[in-house]
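The same chain A turns up in both complexes below, where it pairs with chain B and then with chain C.
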Partner chain A sequence: MADVDMAQNSGTTAETDNDWVRVMSDDGYSFLVRRSVANASETMRDMLDTAGNYAEAIARTCPVSQRAVIVEKLLEYMSFKAYYEKAGPKEEVPVQEFMERIPPEIVLELLLAADYQNM
Partner chain B sequence: MSLPDDRVPTLVQYCQRVASVHVDSISSLGDELRYDLVKPILERCTVDQLMRLEQASPYLQKETPEIWKGLCFRTYPAANDRYRRGEILEPDSWKEQYFDLVQEEARKFEAVGNKIRRQRLEAEERKKDSGIRVTTQQPTGKRRWGVSVQPKTLFQKTKSEASRLQKNMYSKPMLPPMPNNGKNYRVLPAANSALLPTSTSNSRVTVNTVVHSVSASGSSSSVSSTSKGSPLVTTSNPVESPRKKPRLDLPADSQLPKPMAVKRDPTASLFLPKHRAYSQRIK
Partner chain C sequence: MAQRNGVRGPMSALTEFLRSTGITPTTIARRVATQEQPQPEAGPSRPRGSRRNTAAADDEAEEEQEYASDNLDEPEEETQPQKKKPKLSKAAEAKLKAKAKAAAAMKKKKGEDDEDYEEDGDEDEDAYTALSKSAYGGGSKPPVGSFETCAKCEKQFTVTKYTMAANPGPGYLCHPCAKASGTDPFKKPAAPRKRKTPADKRKVVHIEERSFPTLVTICIDVVARHIDDVEAFGDIGTLNLEAISKAISKNRSLTSENAPLFYNAEQTKLVMYDATNLSPDAFIAMGNLNPNLTTLRLDFCGPLNDTVIAAWNNSLPNLVSLELFGPFLIREAAWLSFLESHFNMEAFLITQSPRFSLDCLNALVEYSKRTLKKLALREVGKMCDEFLEQIAEFSKLEYLDIAEPDHSCSDEGMIQLLEAVGGNLTHLDLSGHGLLTDEVLSEGLAPNLRVLKDLKMTHLPEITDAGVAALFSSLDKNTGLVSVDLGRNPTLGTPALEALLAHSGATMQHLCINGWKDVTEEGLSLIKDARELRTLDVGWCRAVDNFVVDRWVGGDDGCRNLEELKVWGCGRVEGKWGRAGKGKRRGLRVYGIESQTVL
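On to the complex of A and B.
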C-alpha cells in the first residue's frame, strides 16, 4: 500500500521532471523516460495511469512487445512529439528531419507498433 | 494541450510516407498490417508494384478493387467518362477491367500504327510507279484519239510500204509547205501600191516602203512613175534589218517582156532566205 501511495504521490504532483518510467522491449532491453514523454503514447499513458490500477502503473513499467530497435525509435518519436507540442507557436517543427531518421528497414514494423500505441 | 495536434504528424503517418518512398524495397507487407494502414502506401504504387504486393499478401486482394478502380480512371480517363455515363457496367474485377483497358489501348495503338505504315507504303508505291523503270518491252506508239496501234507483222509492213511507194510514184508530187505559212507573200503587187509608202516610224527604225511595179507591157519607161530610184531604207540600229529586199535590177529590165512575170512559182522562193545573209547585214 505504501508503494501505491508513493506511486500515486508521484503521479499527482507537478514533479513530472523527476518522474521517470521504464519501458521494456520483449528482448530484454529497458529504457527509462520521463512520464511526459511516455504520455505521448495514449496506450502507454493509459497503462501507466495510476487511476486505472494496472500492474504496470504500480510498477511504473510499460512492456512493449517489440524489439528494442523498434522501442527505441518509438521513444525517440515520443520525445520529439512531446517537445514540439509544448513549443511556442513561432517555433518551426522540423517535420522532414524526423522522417529522415526513420530507416526503411524497420518502417513496417514501426508502422505496426505505432498503430498499436495509437500514435 | 493548447496547441493543435496537427503540428506534428503521427508516427503512423510518418511510417506510411517513408514506406511509400521506399516501396520498391518492400518485398512484402506481411500479414499483420491492416488494410487501412497500408492503403495510403498502395494508392501510391505503380501497377507493377501493386501486383507484387498483392501477390505477397493475398489477404489484401479482397480490398484492393477500389485501388484498381482508381488506377483505371487515372490512366484511362476516357473510360472514366464512359463509366460515369453508365455505358460500362460495374465489372466483377476492377483489376481485370484495368488489364482489359490496357489491351484495348495496345490494340488501338497498333491499328493506328499499321494504318500509318500502310499509307506510307502506298505513297512510296505510287512514287515508284511514276518513276523510271527498266524494261525490255518495246515502247508502243503514241495513241491518237484513243486508238492504240497494233504492232504490224512483217507481211503487213511490206504490203503497206509497197502500196505507199506505188501511190507516190504515179501521183503528183506533193508540194512542200509554203514558206511563212503562206502569209506575207504577194504574188502580184498590191493594187493600191501608190498609196503605200506609209512610213511607220518608231524609236529605232525608219522604214520606208519601196514598191517596184513589174508591168506586163513594159514598153514605156515607166520606171519613175511608181517607183523610187533607190531604196530609201534607213536604220539607225544595226540590229534591225530591213525586211524588204531592194530589187535594183528590176527597173532596168522592165523593158524586156516578161511573159511569166504575173504568176510566180511559189517553189521558186523556196530557198530564198528570210533574212539577209549574216555577212550582208548592215553593220
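On to the complex of A and C.
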C-alpha cells in the first residue's frame, strides 16, 4: 500500500471539502487525497457527489480502472490543477515543467484516463 | 441664410417659433458681439428667453456695475445670503474656482462660435438652436452681488452664484423659494464628460479566459513532442487507438504532426473523426503510410483536394470503402479518376459535395455496379431524378442515403428507384425531398421494402398522417423497424404513431417524432410498450407533459432501456416523474427540460 499524502499541495482548501477520499487503482494501490483534489476531475466529483447516492460517495472511495502509475500521474495533475487554479492571475502555471514529468511511455494510457476523467 | 439664397430646409419647431417672433441668428449674434466681455460668474447656464427680452435694456448698465464692483475677484462665496451655507474645504474651493474658470472659457469659446456663425450664415438650421441657447444663457443672469426681486415671494435678495431662474420664468428665485421649489441650489452642474486620453482609448479591455490546460491537451502535446519516436509510446491495441483518436479529435487537436500516431502500414481500417487541421500534404502522407487500407473514414475533411485524390489513386489500391464528410474541394475530374482506379467499391458515402455530378455517378455505376452495398450521396447539390435512374443500377444496395438535396426528386423517380433496389435495403434516408407525397409511401415504400430496419424521412411536408398510417399497416409485419426518424413532419399525428408502434413497437430502439405537434396524449402513451427503446425524441410534441413521461419511464414497466430522452420545446415537462417525483432514473439522460439543462 502506498499512501500518498497530497495535503501539502492543497493548502488553500476550504474547510468544507477538507476531508480525505480514497482513490483505488486497478492493481490494488490506494491513494488518499483531499476532496478538493478529487474534485479536479469531473468524473470523480460526480462519483463522490453525495447527492448522487452512489456507493462511491458513501464509502468515499473512487475506483479508477487504471494501473497505479497512471493513477498516480492523474492525481499529480489533479493536485497541480487544484493548486494552480486557485493561484492568482499573476502566477505562472508551470505547464512545461509538468509536461516534462510525463514519460512518453504512459502518455497514451494517461490520455485515455484523462479523457475518461473529463479533465 | 435661408432668406439670402431663397432655400429653406426643414426647421425645428423652436426655430420656426423664434423666426416668427423676429429672433434670427443675425440678431442674436449681434447681441453676443456687443457683450463679448467674459462673464465672471459661473452659474448653470440655461435659456431664459423671456427674461432676456425684458431685461435686455438694463444689461449694459448692469454689466457696467458689475465690472466697477469689487466682485471681480470672484468673492461669490462671501456674498452668500444664507448664513448656514456649508463651509467649503480649501480643496473644494479650489475645485469650484477651477470649474468657474473652465465654464467661463467655454462660454468665451461659444461666443466665438457665434461669430463664425454670422460669417458663414449658410450653415444648416439645426446648429442655430444649439447656439442660441448659449447666447441666451451667457450674459442673462444678473451679476453676483446685485439685488433682484424674487419672482415668487417678491422679496429683494442678493444674487449669488447659486441663484436660480424661476421655472416658469421670468425672473429669479431667492434662496428659500428655490429650495422650496424642490431643486437643490447647491447642486453641482453635471461634471463635463471626460475625454478619454489616447492612451486610455488604446487600452482594449480583453475578456481573458484563463482556461486551465486539461490533462488531455497536455498529453496530446506530449504525444506531438515525441511523434517521431512512435515506439516510445509502447504497444497499444487497435481498440485503444480508436479511443485515442476520438479523444484527440474531441477538441480538434488532430494535426499533421500527431496524425502519424494512427498510421500503420498493415492496418486496413482508418477512421479520423476530425481532419480539419490536416493539410493536403498530410492526407497524401496518410495514403503513403497506410498502403493496405480498405476502409477509410474521414470526418470534416475540408482540406482534401484533387492532388490528394490523385495521390490516393496510386497509394491506396485496396480501398473499397470510403466515407467522407465535407469533401467539397474535390472536382468532377478527380472523382472520375478516383472511381476509375478504385473499381468494385463496396461503400461510397459522401456528404456535402456540391461538385459530385451525374457523370461521377455514372462512373461509379460503371466500375462498381455489382459490388456497391452502401451508397450515401447526402447533401449533394446536383441530386435529381437522373441520379435516381443511375442509382437503380446498384442491384446489391443495402444502405441508401440520398437525403437533403438542393432540389427534391419527384414521386415517379423515387418509386422507380425503390422498385429497383428496395428489396435489399436495410437503411433508407429520404429526408428533405420536399416534393414526395403519399404516393411514394404507398407505391414505393410499402410494396418494395422487405428487410428495412432503419428509416429516416424528415422534412417531408407533403406526406400526410393517413398516408404514413397506411404505410405502416401495409408493411411486412415480420420485420420490425429498429430505428425510425420521422421528425419535423408536423402533419403527422396519432394515427401514424399508432400504426408505427403496432408495426414495430416491439423492435424499436430509436424513435424520433420531433415536431409532431398534434399527436395526442393517448397516442404518446402507447410508446411505453416499446420496451427496447434506447433513444426517444419527442421535441415540440405539445401533448407531452410530466404524466406522459412518467408513463414511459416512471414505473418499473415501460421503456426500461431508455437511455436518452429529448423533450426540447415541451414546455409542460418539468422533470417531475418517477419515485417521489424526482425525475431521476439511473441510466437515463433527459435533454431539453425548460427549467433545467441536463437531468
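The rule is short, and it goes like this: the second predicted complex is superposed on the first by the 102 of 119 C-alpha atoms of A that agree within 3 Å, B and C clash if a C-alpha of one lies under 4 Å from a C-alpha of the other, contacts with A are read in each partner's own complex, and residues count from 1 in each chain.
Basically, contacts are C-beta pairs under 8 Å (C-beta built on N, C-alpha and C of every residue); 3 or more make two chains touch, one makes a residue touch a chain.
Remember, it's a predicted structure, so these values are computed and weren't measured experimentally.
Asker: Overlaying the two complexes on chain A, which is it for chain B and chain C: clash or fit?
Answerer: With chain A aligned, chain B runs into chain C, so clash.
Asker: If we overlay the two complexes on their shared chain A, which of chain B and chain C does A:E97 touch? Say first, second, both or neither.
Answerer: Neither partner.
Asker: Using the touch definition from the top, say if A:K86 reaches chain B (first), chain C (second), both or neither.
Answerer: first
Asker: Considering only touches as defined above, state whether A:D115 meets chain B (first), chain C (second), both or neither.
Answerer: In the superposition, A:D115 contacts both chain B and chain C.
Asker: Take the contacts of chain A with chain B and those with chain C, and give the residues found in both.
Answerer: 74, 77, 81, 84-85, 89, 93, 95, 98-99, 102, 104, 107-108, 110-112, 114-115, 117, 119
Asker: Enumerate the contact residues on chain C facing chain A in the complex.
Answerer: My answer: residues 210, 212-216, 218-223, 225-226, 229, 232-234, 236, 240, 243-244, 246-248, 250.
Asker: Which part of chain A faces chain B closely enough to touch in the complex?
Answerer: That would be residues 74, 77, 80-81, 84-87, 89, 93, 95, 98-99, 102, 104, 107-108, 110-112, 114-115, 117, 119 of chain A.
Asker: Tell me, which parts of chain B touch chain A in their complex?
Answerer: Contact set of chain B toward chain A: 3, 5, 7-12, 14-19, 21-22, 25-26, 29-30, 32-34, 37.
Asker: Under the touch definition given earlier, write down the residues of chain A that touch chain C in their complex.
Answerer: That would be residues 74, 77, 81, 84-85, 89, 93, 95, 98-99, 102, 104-105, 107-112, 114-115, 117, 119 of chain A.
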